[in-house]
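These are the structures, in structure tokens.
Shared chain: subunit A. Partners: subunit B in the first complex, subunit C in the second.
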Partner chain A sequence: MDIFLQIIISGVSLGAMYAVGTIALSLLWGTMGMMNLAHGSFIAIGGYMAYWCMTVMGASWIFVLPLALAAGMLGGYLLYHLVVRWMFERKEFSVDIIIATVAVAALVENGLLNVAGPEAKRQPFSISGGLKLGDVVLPYQTILTVAVAIILMVIVLYIVTRTKMGIVIRAVSQQQVASQLMGVNVMSAFAQAMMLAGGVAAISGVLVTGATQLFPGVGFDTTIKALVICIIAGLGNLRGAIFMAFVLGLFEVAVQYIFGQQYGFPAMLSLVIVLLILRPHGLFGKETVERV
Partner chain B sequence: MNRSAQNTKRKEIWRDFWVGLAFVAIAVLIPVFDPGNYILSQITLFFIWAAVVTQWNLVFGVAGVYSLAQMAVFAIGGYATGMMGLYAGWNLWAALPIGALAAVIASFLIGAANLRLRGPYIAIMTLAIAQVLYALIVTDVECFIYKGKLCLNFTGGAKGLIQYGDFGFKELLGFKYRVLGDYYLGLVLLILGMLFALFIMYGPLGATFRALRDNRICAEARGVDRVRNQLLVFALSGIFTGLAGGVYAGIQRTFGPDVLSSTLLLFLLSMMVVGGRGTKWGPILGAGALMLVDTILRDFGEIRVAGLSLIILVVMIFLPRGLVGLVEDIFRWRPQSRWDERVKDGIARVDFREFQRLRNPKKHPLGTSGNNG
Partner chain C sequence: MTSAIQVSNLTAGYGRRQVLHNISLDIEEGMVVGIIGPNGHGKSSLLKVLSGLVPATSGQVFMGGVAIDGMSAHQRVAKGLVQIPQGDLVFPDMTVEENLLMGGYLAQGRTEIDRRVNKVYEMFPRLAERRPQIARTLSGGERRMLGIGRGLMIEGQIMLIDEPSLGLAPKVIDMVYEVLAKLRSVSPTLLVVEENPVRLQAIADRIYLMDNGEFVWNGTPDELSRNSDLIATYLGA
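The block that comes next holds the complex of A and B.
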């Protein structure tokens, strides 16, 4: 029974990390149709901001999240105006942007490597200790991550569905020319979407690196896993992605417990491939009709 | 196909023939000038990467299936070759076809796993497959056989496979000329791979792949079997990718999981992108350009990756068709006629006589008299 509980707790911790990572990815895919492989750089930037703020500057933890948010938003703004903007009109945007953002990710990783050094650091924005449930311990960090994931999801959903900014972003993503004719500033709408996603990704980076360690390439694995989760949930479906993050986190931990540490991710991926063969649009994705 | 289209195609084949001949002639003659072992080994590496990228281009550029798992196929080819040498004790020459076969099977399976996905989904899925392969190899710590007291893992783990022999150029040519053996082996690999790719691109298969890429639904409506063709392009591209993996393993004499690193993937991807996706000579041109840049940047080790990624970004933004597109634009550029300029300025009146006069001022110096009725 204890082992069972332990698996559930570890699975929820892992799932919380995935969930927090999928929000920004889902947002960008749902609004701009863009797969952001540079998501890992935002995670790393958020983590390094926290490290810089608390360890180097010695400031209070209160400043960490606003700082990460600001850095992520700045990163999103720059990414849009330096890279994304110039390829948006192309027919093959969805693939071109993958190549371009892989390059951006490598660039940021290399930059962090040169500025901050290759060694793994401990990121100070984390809570030690945990809640005792019988013989197993529920770490406070997990509770914090789950809470922040849910809060971020609610905020992002609120912004996208209820505020004027979100309506503009969705309108542009659905009918770019029509919304331009209605007087919407298309470029600014996309820049806003990218800033929102960048800020959310950087905050998730603070949480993810708090539970593991901090090194320049920290975000890459998380990005791949989060993207796979987004695909299985149906890209752009925020609630489905969060749900699947927890399911797959539990599955991965269970496999790790039963078969050994290294088979977690391969088993999860095989499951995803099988599910996608059965349902190519994801579990919660809508089937779209293609017109010629 | 009508006659003019046939003529154009024939012209194109001749052009490709001369370009290829010039390339081979230069490549054969380079060692005559004795540029030193370092340069020769860099060029050998260029041959191998170019061979991989030409095959990748078949999948990614010609068939439009955005697979990022080509390095995984390459790794499987190399590992299979090395393992046959290490565990079965085969000569590496004999192990090469086994490596190619393993790569074809792996590539086929990857293609099959992605059959129902499309576009960017495939990119993410294949990237994840490559990542899984890397994780499985790096975490492989169980002993498979013992060599003396040394414990060897099945895949060689994070250190990689070693001591599986090589192609025997040292015994055949002597220590000094071993590099030359590697060099010409790489060249032969590239020539064969390129011929193979050209045959596919000119043949009916290439036309089928392009049709599926450009408009999947129309192609399917005309009776093109997408499933069969996707499996076919993956399997075909696996042949020379696997051979390249085996040749790389034999030349480097060690084969480790670093061939699956994201840096190398980015490097090869940028070769294809910089050269021009879906073009015939783009992969080789891009591989040459990137190897040149890489050799220059090697002295600045810490910014090498940053330099490469900046090049990719600049090419993606300013030259979406790659270097081949740039060369084409330069060759096709001609001074615009006054008619075109006026059309562009929006002041053109649709006036046939005016048009003829501007197009051909000698024949119709003052408008026309004979054609105004």
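The block that comes next holds the complex of A and C.
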């Protein structure tokens, strides 16, 4: 029973981290047909912002999430205006943007290497200790991660489904021409989507690095996993991605407990291959997003 | 009468292919003008150029006497130029109500948006019944009503309507044209493109015939019905 509870707790915790790391990637694919492989840079920026805020500036933890959000939004704004807007109208956008964002990711990683150094650091936005549930200890860090992840998911889903900005982002993702004919400035809607995604990714970076370590390439692993989750869920399906993040988190932890630590990620990838053979558009996907 | 929209020597195309050649047109406020002609001869392209979706190569477009050539599509909508596009360009994964709310994107305040939504529901009671339904699950006729209703939400001064009867059953076309007849009270000026002139003749003040990207004839609906040679030559009917 304790092992089962431990698997649930660790799986939900890992799933929450995957979910929060996936939202931004899924949002941009769903709205802009944009595979943002610089996603990991936002995660690193969020982590380093938390480190800079608490360790270098000596500020309170209260400022960490707002500052990470602001840094991520600024990053999204800059990525849109410096890179995306110049190639968005092209037919080859979906391929060009993959190459361009890989280049951006390399630039950011090198920049962080030069500024912060290559050594792994402990990210200070973390809580030690835990809650005892019988023989099982539920770390406070896990509670924090799950709580922030759930709050973040609720906020993002609320913005996308209930606010004017969200309705516009959804409209643009479904029908760009019709959106223009309703008076929507499509480019401005994309800039807003990128700022939202950037902010969310940076907050996820604070959570991810709080549970692991902080180093310039920290976002790479999360990006790969987020990509896998997005593809399984059906590219651009935000709710499906969140659901699959928890399913895969639980699956990975269960495999780790039963067969050993080293089998978790390979088992997850094997499951992905099987799912993609059976459901080429993902579990919740209708069809691949086609830019018009 | 003042000009609602004036087009002067307009030329446009896609890449190297010129589709429109020296088009000139003057539509007075309150008029309903129809453009007919064979398929693929530039009618829809003209509407796209007027609404800013396709750039003009040369020539000028004026709205209420003001040049709008430099404006993007969304800026023209803000000036009151509304296009209801051909086919089903509704937002497929949004509900009927959300589609209409998108039509009210530029409207100020919830009360004003609600007023416009209710007005559309009065005009299309079927849409009111389908309020929470996802747009892609609607029938072709309902989607066309939604497209027109969404355009009405903008409450512009000029409406460009592209092939409103395309692909619809005769009964549904009757319904769509009843609504277009009512539109005169909502939108002062209408420019309607159709391949077949029969239905258009009942609502238009003036009809232009387009062939190979040029206007080859224009006149009143009565003049058109008397000119059977013209219809036979260009429309094959």
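As a convention for this text, the second predicted complex is superposed on the first by the 285 of 292 C-alpha atoms of A that agree within 3 Å, B and C clash if a C-alpha of one lies under 4 Å from a C-alpha of the other, contacts with A are read in each partner's own complex, and residues count from 1 in each chain.
Assume contacts are C-beta pairs under 8 Å (C-beta built on N, C-alpha and C of every residue); 3 or more make two chains touch, one makes a residue touch a chain.
Remember, predicted model here, so these are calculated numbers, not experimental data.
Once the two structures are overlaid, the count of subunit A residues touched is higher for B than for its counterpart among subunit B and subunit C. In the superposition on chain A, contact is made by A:Val104 with subunit B only, not with subunit C. Contacts of A:Met182 after superposition: subunit C is touched, whereas subunit B is not reached. When the two complexes are overlaid on their common chain A, residue A:Asn114 makes contact with subunit B while staying clear of subunit C.
In the superposed pair of complexes, A:Ala16 makes contact with neither subunit B nor subunit C.
In the superposition on chain A, A:Val146 makes contact with neither subunit B nor subunit C. Within the superposed three-chain model, A:Leu250 lies out of touch with both subunit B and subunit C [touch as defined at top].
Shared-chain residue A:Met35: touches subunit B; no touch with subunit C.
Those residues of subunit C whose C-beta lies close enough to touch subunit A in the complex are 51-53, 72-74, 77-78, 82-85, 89-94, 98, 101-103, 105-106, 150-151, 154. On the side of subunit B, the complex with subunit A involves touching residues 66, 113, 115-121, 123-125, 127-129, 131-132, 135-136, 139-140, 215, 217-218, 262-263, 266, 269-270, 273, 302-303, 305-306, 308-310, 312-313, 316-317, 320. For subunit A in complex with subunit B, the touching residues are 35, 83, 86-87, 90, 94-96, 98-100, 102-104, 106-107, 109-111, 113-114, 220-221, 224, 227-228, 231, 235, 261-262, 265-266, 269, 272-273, 276-277, 280, 290, 292. By the touch criterion given at the top, residues 164, 167-168, 170-171, 174-175, 177-186 of subunit A touch subunit C in their complex.
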